[in-house]
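Multiple structures are listed underneath, in structure tokens.
In what comes next, chain A is part of two complexes: it sits with chain B in the first one and with chain C in the second one.
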Partner chain A sequence: MKGFKPSAPFLLLLPAMIVLAAVVVVPLLLSLYSSFTPFRLTRPETFYVFIGIRNYLSILSNTDFWWAFGRTVLLLTIALNLEMLLGLGLAMLVEKATRGQRILRTLMMFPMMFSPILVGFQFKFMFNDNIGLVNNALQSLGITQDAIPWLIEGHLAFIAISIAEIWSSTAIFAILILAGLLAMPKEPIEAARVDGCTPWQTFRYVTWPFVMPFAYIAMTIRSLDVARAYDIVKIMTDGGPAGRTELLWTLVARTAYSDGRMGMANAMAYFSILLSIAFTVYFFNKLAAARTQIGAEW
Partner chain B sequence: MDENSSARLKRRLLGIVYRIGLFLAMLTICLPGLWIVISSLRPTVEIMAKPPVWIPQEISFDAYVAMFSGIGKGGIPVIEYFRNSLIISVTSTVIAVAIGMAGGYAFARYRFRGKSGVFLGLMLTRTVPGIALSLPLFFLYVRLGIIDTHFGLILAYVALNVPFTIWLIDGFFRQVPKDLAEAAQIDGCTRWQAFWQVEFPLAGPGIASAAIFAFLTCWNEFALASQLTRSVSAKTLPVGLLDYTAEFTIDWRGMCALAVVMIIPALTLTYIVQKHLVGGLTSGAVKG
Partner chain C sequence: MATVTLTKLTKRYGNIGIVHGIDLDIADREFIALVGPSGCGKSTTLRMIAGLEEISAGSIEIGGRIVNDLPPRSRNISMVFQSYALYPHMTVRENLGFSLKIAGAAKEDMVRRVAEASAILGLDMLLDRRPSQLSGGQRQRVAMGRAIVRDPDVFLFDEPLSNLDAKLRTQMRTEIKKLHAKVQSTVIYVTHDQVEAMTLADRIVIMRDGHIEQVGTPDEVFRRPATRFVAGFIGSPPMNLHEATIDDGQMVFASGEKLPLPAQFKANVTTGDKVVFGLRPDDIYPTGHGISSGGAADVHQIELPITVTEPLGNETLVFVEFNGTDWVSRMLNPRPLRPGERVAMSLDMSQAHLFATETGKTLRS
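Up next, the complex of A and B:
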């Protein structure tokens, strides 16, 4: 008699599947359901009232939500692009170093060791209008006499948050791009130079295509935890002043835990989940494409 | 001759510009951390001083002493938070690595239908923002009565870490040549023995660094911990950091000291694994 015999990879992946199903998939289905109810924490009976897509409709007309959504996308665009550029620059600086490269590499990874919450706190401290390092330095250098209200004025607070975000995550790009630069064969560069390429051309057509998959790995990793910005914002401004730095995630947390409107918060959360998934799928595809390109050329 | 010397001058100038650039970059990276350490060692008066005091006039460890001398004195129960953080992080790391080894091995050694689909699916579960996940988990945990317990947070962290440990461990197993295990099997090992005696030791350092990475993720996690824990019995250090902020005032020095306490384990562990970490993430980037 032949029974059902599951394959080895299936058995090996089973524990992972079970845990993820229990802690991620099932709760997400639950939250999908509750996004169709007017569920409030204070009134448990509302969990069983089905109101269709009314939560989603009221989100569509909620300007606070769309501001937060736009701000989140803006922050991610600015942060990811600058992190990529700065990471590339940093990696090339370190790669050029002839001595002490190991130490430089360790220093470069320094911000990665900070948890986002520490990053938030540290920049809150530095950008403090009264005792912060930034204002103290500006005043001591005589650049300005006023205490610049970094975290109190809306636009400045957004800039401060972007700086914190960029500081904390540039390292991921830098180490992975550096790994790419170090793994790169030297012959193509020499060949390009012999053939009379300018440094820019060498970079653009030889180095960059090779390093690109590494940059996409960094992008994929980053997109896995773009929501780290929640911790930073929560600490630095908590969405203030007057909601000027409210991101999708802080808005979800506020709606759910401060206002207790779980149903509405879950509907909002689904938007932020879709945003994250879109990011990841996009970069994952880029990564796959870049890999095959490399495979074809080298 | 003239051309030669101007070229030499140009190269020297470029060298200087390069050094300045490198120095500024490293300064930007290190300064914020250094500032925290310095601030934790100086009296509050100096932190608050106007005009600012740049060079610390006196060094004191008061903030650390206060922090570890219990509630009442330091204001917050750091020792309990530290204990919670340690228990939760270590337990969930061990479980996540065990599960990750099984999964990573499956991806590295077997071909099966829908492989890249499964891999992407695993990664997608990781993209769910902690705060979005915390809403249903909060509700479920309250129902199951495991809110504000170690168990609840451990469960959540295992799920958080599994996709990434699978990615890393997959990379490390790929670096171990397939032939080695096959040779061992020809010599009479079972697949199970071949794994433990040949492949596992070779991938060992990589797996250790995946473990450390998982540990750091748990150690640093805030969004879930802040909603799923309520009291001293389960709060972790990142959540505890918020205890220093009162409504209008912040004990900057105490916060700095706690920050240093949090960062030291992370710093040491990251330093140990940095080499393997990059290797694990990028293996397969070039080979495909």
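Up next, the complex of A and C:
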């Protein structure tokens, strides 16, 4: 070590680098490495068998994986779109409130304050075919006499999960869009009214372009959220019935912990992250475009 | 092109009255300025005409049609806002053409009218920029362009120049005047700046606390203010106003100083009346250094001590002490004066104003 004199900045950064390496870089590299092995939790020696990209190749031909992948994208599309519509509606209603707006805003955030696990349990109870609130209400109102198998039939289960997801997170859209509406100067809206716009045209041509960046921020946050959806599904259906509500991360978790195929699970996880990155890049581009368009100064 | 008639126009928020039943007839192609201090109801009145504010009582007619319950888009008006209110996500061209697009105008028609407006306002070089890339004056021109593109019955201006710096304001003022000469339509212009009102308007409406104090041409409101408020509001520097009591053809001020009663008011006051005496800075001047207006028939000479002078080059504002306060006088062809010096002042009493203290109304018959 004679003659090795590390520079001061290097020395000062060293503790941070060591911590980062220990908690982020090394685990990340290990998991990446294990995705190139047939590593099984039950057979530790398999960790040292290098099989190249065989795991990735088998993912490509794994129909269960692609179903889960497709289902996740579908859930993302449905949840994000409905959340945005509902959030926009909520935000516009709350913005109109002249008094009690603060209380309404707080109330609106309530669903976000609950742990997703609890939301899962609550909706599992509500959608229970025998004792659930939903069937009870439908029957009492005379809409149906049957016990609708909400969590047992594949499509219905997917709908139930979407509803739980939307219920718990619409507030993110509502809050961010409301922030946009409140930040928006009022004069362009009045100018539009004088310029001959109907209320719908005012919204379409003036209000919406202005709140769009805020909606994209919410989209970015929520797309990451939904792409890693796990807890609500785990509790409500655990991917069932017969894998009909299996999403990417429930599949990854099952592969890793139930089947013990850690190497394969890691390969799936790395593949899934691509999805999240793709959505983030997409929405950030949209956001940047929308910001330039309204000449935002933030 | 249209007349605008306000009848008993009233605005209340709950129990608080903002505009108290004003009546106003605006002729076709007239340039009307609504002027007054903040909170006098002028902007609210304009917004009621625009339809952006509901009216509590009374009626508004535009071109003979009652528009009380029509939404802004059905009134065929256009409005220029204080903050310009451009659409930030549209280019200048799109901003100008937006109302035409909404109205479903034909493409060629739209292109032609945008080009016309852009030519009038000199916006040709800026058509593809967005509002955030424009300076304040340019934004203001776009806002005006957006208004004229529609060829509306009535133009409404809501303090359009108050966000501009002083130099640009003067320049834009001239442009607005030229614009009105070109497009020849009815204009209602709200401002708190009496200079803008005086320079632009055919008639000025002076408002205060939701009431109209006086309606008149710039000359009328300047020369014959109907109330003490108008007298103090119009003119810069403002008119000197002092309370006095009439005593046998003389005005006695609080300090005991006396001035003769102006001849034109002699018939209208009697001993014991409380009055407010007003004289514009132009009508008090160091003897030999003023505008000898009105033939200078009724000039009163008085010697007063100087407190401060403010030289402005071609003229100097001289503050002299009278009745315990400063009186502003305008000295033309200035000569050096020192504070404390007593100088002979000429008071042109033929130009004096007298108001009843209690009602604030003029005592001119």
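One rule holds in what follows: the second predicted complex is superposed on the first by the 266 of 298 C-alpha atoms of A that agree within 3 Å, B and C clash if a C-alpha of one lies under 4 Å from a C-alpha of the other, contacts with A are read in each partner's own complex, and residues count from 1 in each chain.
By our rule, contacts are C-beta pairs under 8 Å (C-beta built on N, C-alpha and C of every residue); 3 or more make two chains touch, one makes a residue touch a chain.
Please read all numbers here as calculations on a predicted model, not as lab measurements.
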(message) Clash or fit: chain B against chain C, after overlaying the two structures on chain A?
(response) fit
(message) So in the superposed three-chain picture, is A:Cys197 touching just chain B, just chain C, both, or none of them (first/second/both/neither)?
(response) second
(message) With both complexes overlaid on chain A, does A:Leu57 touch chain B (first), chain C (second), both or neither?
(response) neither
(message) By residue count, which of the two partners contacts chain A more extensively, chain B or chain C?
(response) B
(message) Looking at A:Val206, would you say it contacts chain B, chain C, both, or neither? Reply first, second, both or neither.
(response) second
(message) Under the stated touch criterion, which partner chain does A:Leu74 make contact with: chain B (first), chain C (second), both, or neither?
(response) neither
(request) Tell me which partner A:Trp167 touches in the superposition: chain B (first), chain C (second), both or neither. (result) first
(message) In the overlaid three-chain picture, which partner chain does A:Pro185 touch, first (chain B) or second (chain C), both, or neither?
(response) second
(request) Report, please, how wide the angle is at the C-alpha centre of chain A between chain B and chain C, in steps of 10 degrees. (result) 80
(message) According to the stated criteria, A:Leu176 is in contact with first (chain B), second (chain C), both, or neither; which is it?
(response) first
(request) Superposed on chain A, how close does chain B come to chain C by Cα atoms? Whole Å, please. (result) 7
(request) Identify the overlap between the chain B-contacting and the chain C-contacting residues of chain A. (result) 294-295
(message) Residue numbers of chain B touching chain A in their complex, please.
(response) 18, 21-22, 25-26, 28-33, 35-36, 39, 47-48, 50-52, 54, 98-100, 102-103, 105-107, 110, 112, 116, 118, 120, 122-140, 155-156, 158-159, 162-164, 166, 216, 219-223, 226-227, 238, 241-242, 252, 255-256, 259, 262-263, 266-267, 270-271, 274, 278-279, 281-282, 284-286, 288
(message) Please output the residues of chain A touching chain B within their complex, sorted ascending.
(response) 7-10, 12-13, 15-16, 19-20, 22-25, 27-28, 30-31, 34, 89-90, 93-94, 96-97, 104-118, 121-123, 125-126, 130-131, 133, 136, 139-140, 167, 171, 175-176, 179-180, 183, 213-214, 217, 220-221, 223-227, 230-231, 234-235, 249, 252-253, 256-257, 262, 265-266, 269-270, 272-273, 276-277, 279-281, 284, 287-288, 291-292, 294-295, 298
(request) Would you tell me which residues of chain C are touching chain A in their complex? (result) 50-52, 71-73, 77-79, 81-89, 98-99, 102-103, 130-133, 146, 150, 156
(message) So in the complex, the part of chain A that touches chain C is made up of which residues?
(response) 185, 187-188, 190-198, 201, 205-206, 209-210, 293-295, 297
